[in-house]
Amino acid sequence: MTIDNSTESIHTVEAVTKKKGPAAWVAYVFENKYIGLAAFAVALLMPFISASTYSLNIFTTAAIFVVLAAGLNIVVGYCGLLDLGYIAFLAVGAYTAGILSKAFELPVLFTLPAVVVMCVLAGLIIGAPTLRLRSDYLAIVTLGFGEITRITAQNLTITGGPQGIYNIPSFLVIGNIDFQTPVLFYYLTVVIVAGLVLAAARLGKSRLGRAWKFVKEDEDAAEAMGIHTYKVKLLAYIFGAIWGGFGGMLFASHLTAISPPSFLFLQSALVLMAVVLGGMGNMKGVVLGAVAISLLPELLRDFSEYRYLLFGVLLVIVMVFRPQGLWPPRGAEGERTKAQRESAAFENGLTK
Amino acid sequence: MEQILTDMPQVIWDGLFVGSFYALIALGYSMVYGIIKLLNFAHGDIYMVGAFIGYALLTALGGSFQMMGLFSLIVVMMISMLLTGTIGVVVEKLAYRPLRGAPRLAVLITAVGASFSLEYGVAAIAGSKPRGFPVRLDGETLFMLGARVTVPQIILMLIAGVLMFALDRYIRGTSTGRAMRSISLDMKGSLLMGVNVNSVISRTFFIGSALAGAAGVMAGAYYGNISFLMGFIIGLKAFTAAVIGGIGNIRGAMLGGLVLGLVEAFGSEIVGGQWRDAFAFAVLILFLTLRPTGILGERVTERV
Amino acid sequence: MNFGKRTLGVLGVATAVLLATSACSGGLLGGGDSGDSDSGPIKIGMIVPTSGSSAPTGASMSNGAQMAVDEINAAGGILDGRMLELQIADGACDAQQAVASANKLVSSGVSISVGGYCSGATLPTLPIFDKAGVPMIIPAANSQDLVNEKLKSVFLINGTGLQQSAAALDFVKKQGYKAVALVDDNTSYSKDITTETEKQIKADGASTVVLNTSVNPGESDYSSVVRDINGSGADLVYWTGYYQEGGLIIDQLRKAGYTGDIMVADGSADPTLAEIAGAAAEGVYATMTPTPNTIDGAEGWIADYKKAFGDDPKPYSTQSYDAVRLAAAAFEAAGNTNTDDVIKALEGIKDFKAFSGPLSFTKDHTLASGGFVILVMKDADFQLFDNLQ
């Protein structure tokens, strides 16, 4: 770490405020504190534009994807832990909700406490032994856990084996109102998702959130400043798991059927993609990234064969040219200039 | 239980055979990690690319060439090694080199991106349909110590053994090998002592990727089926093998590959084949939490 | 913060405008989906995998369906000149994708669905079509679970897992196998057949099931299951998964010295099996519904297909072709496209001329006769071995 970095970050913040013209307008709009409210309003108004079963289905899927991205953002964006098996928590949430609601003929919403408990447990089981590991080991171990979760779901009878679980009961029925109807379910999802996104954003600004950011920037320094880094990391992991579980519950209810192929590594990678593109740590960016990632394939159906290639290339390009994401959180370490990167490379013993 | 005992020699042989593939791929993982502490997720996909290059070459050369069987296969394997080696170097130049000195998270994400690009790039070019490999190794079956062993298996294990032996000699006996070892100990120091670090790193990628490419062609010729996702799981397994042996340690990677092959073979014999992958990953997690330095990994313990 | 007020102001106006307009558009207040209409083209929906590893099968299915649509339209359409319009949507063999596609088809107002390849992806689409009043003629997917849903709008024109296992049992008895090993690939369709076959063989008692196991799809090395089979002393191995793994297992079984017979289910009855397994695939039996190659007098059809799509018809091209023709016949018989009338018409179908033989439905809406035959691999292609009559 050179001192340059801190002056650089101040510099970038100033640069933003000094910009004029359309760029400044865009910056104003997106840094506006009502932007979240505006996004919520847009989400609420979407069904008024198009209310076909198809578009409602896509909107609901996008909303669920936003929860996942928000949850992974806690782990990757706030705390800097690369989790490549995040979809495992979606699976745990979805299967818990599906199994319980089917077995006891409960509305899916009532399984919520069990979903949260199971996800906390899963977070503990995966996190506790692995979070002492170096970051790159952590990445591959989480990947391994993700695969183990899917294989287990595929081989157990309680999870329905390869068929999975189908005919999952309605999400919630109050009197004559069945929340499983697409419009109501969409609204319910949007409200839950909005709450979770807001909560995640709040968490990021809390005392714990600041500790996460410290751990992300420099773990040793954080430890020296009296932060119990292991505990803090584990908390990030558990919060991520809970968000994933909520996503899973909504997912199970939305599809009314779940099966192991929905929990492939590919899905973990897509959620990661949303977080990275949106700007790790910036909740607004992540929400935008998640909406983009889940809606783009619907718009670009004809390119479906090329879309993962495009995602892969984009990941590399974004990381090479803008390692902090397309829309990094405000006050994050500024973009490294070429000169800085070279000086850092020299620090590590490498020159061009 | 009785079944297991009578099957024992066969289980051991099957495990060793699969393990030698893991070992070949694990070497590339381990070398790259040992030198620049980079977890090259795209490495398993280089194995897949190798298989597809072999497929393309053999198809292009047509029937007459195929008659020469093993010989043609070895020539094709050499060419594939050159090409996959080059691809490895290009990936390093485009994706990893610009990020030296960048935060670890960024490098890891780049590696995931590189892996995706290779997989779906091949899918876009060659199609997502699995393909049958044009040349098949067929041969006599021998019985050794109660195990059924085929000649192609022996040939492939010999090739793998020769490649690994050559690599071991290269690392220990040549000046480039010495440069690699010195970079892995102290990169800045090596630079100051006049080692051309970038070129040595390129060479490391070349060798590792070439070995993975060789494994890809061998797997295609033996199993007869290739698909664009074939590198994903085996890449994870190879990483597991590298960790078991002690990552960064060349001989450890070879040992780790064989151990993982055996562990898997016994695991699936006991709990059933459909749990094989879960079993391998469980071993990985156990090793990482209990003994992250692996079996032969003392040398790398002081790394921060 | 004047910007905030402006944003809110804009939002307020936008809300008002949207609420006003949506009342008379496709929005929430306007009623949502557009339903069936009594004139214009009749839309036929089809969910098949057009991406992912099963995409080639999806293409051969949509080609078959398209061919039937073209033929019917060329002959002047149905119901007094209404044309058919085929809408393909991707199912990708993934529940999530298939649900999205089903919703898409429902939204675009299809009158009938003729798709469904992977059972796991077809299952969750059933309630969506059913609720929307879209009858389903499922050409390929044949898991017993589809039948167990007991939806009156679902019709299966591929033999079910139950019927396929019955065919397998017939063959086992005919050939006099004593010890059968069942291997599936842990997908819902495949496991369905092994479970049923085991049940039926046990009930029959003439032979025994010595092994019933699963493998993970997508691997290369199947030495563990090969050891199990060799250790079990089976004289017939019945593989019920898809051809990629099937080819590998057959090859490795032969290499490991297995000398008994091998039979595969319809998911593996594809010429690619021979490409993967090489010489080991020769003499492999398959339980399969008749394909154009095995039907006498289908040469003309095959030539037409080749001319239209530049490719040989594959398994399920015929079923998809028949599904569309069956749908057209049902519309004609019903005289309209109303859900209940079409379902009644389908239930009333008697001896419809299909590739798999005369077709009528049981009360479960499955084929009255499964139509499974036994094929055998000869010179890298499947040929008719025994029609089990």
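Labels A, B and C are assigned to the chains in the order they are written; within every chain, residues are numbered from 1.
We adopt the following convention: a contact is a pair of C-beta atoms (placed from the backbone, for glycine too) under 8 Å apart; a residue touches a chain by one contact, two chains touch by 3 or more.
Not measured: the values here are computed from a predicted model.
Across the two interfaces under comparison, B-C and A-B, the one joined by more C-beta contacts turns out to be A-B. Ranked by how far their CA centres sit from the centre of chain B, the chains are topped by C. Each chain gets one centre point, the mean of its Cα atoms, and the points for chain A and chain C are 35 Å apart.
One finds 38 Å separating the Cα centroids of chain B and chain C.
Averaged C-alpha coordinates give centres for chain A and chain B that are 32 Å from one another. Of all residues in chain C, those that touch two or more other chains are 51, 186, 214, 216. Residue numbers of chain A whose C-beta contacts span two or more other chains: 151, 154-155, 305. Residues of chain B found to touch two or more other chains are 128, 274, 277.
Residue ranges on chain C touching chain B, taken from their complex, read 51-53, 55-56, 186, 213-216, 218-225, 227-228, 231, 244, 247-248, 251-252, 255-257, 272, 275-279. The residues of chain A lying in touch with chain B in their complex are 76, 80, 82, 84, 129-130, 132-133, 135-137, 139-141, 143-145, 147-148, 151-152, 154-155, 265, 269, 272, 276, 280, 305-306, 308-309, 311-316, 319-320, 323, 336, 341, 344-345, 347-352.
Of all residues in chain B, only 3, 6-7, 10-11, 14, 17-18, 128-132, 136, 138, 141, 148, 150, 219, 223-225, 227, 229-230, 233-234, 265, 268-269, 272-274, 276-277 touch chain C in the complex they form. Residue ranges on chain A touching chain C, taken from their complex, read 28-29, 32-35, 38, 41, 45, 47-58, 61, 151, 154-155, 161-164, 166-167, 183, 255-259, 261-262, 298, 301, 304-305.
By the touch criterion given at the top, residues 37, 39, 94-95, 98-110, 112-121, 123-124, 128, 186-192, 197-198, 232, 236, 239-240, 243, 274-275, 277-278, 281-282, 284-285, 288-289, 292 of chain B touch chain A in their complex.
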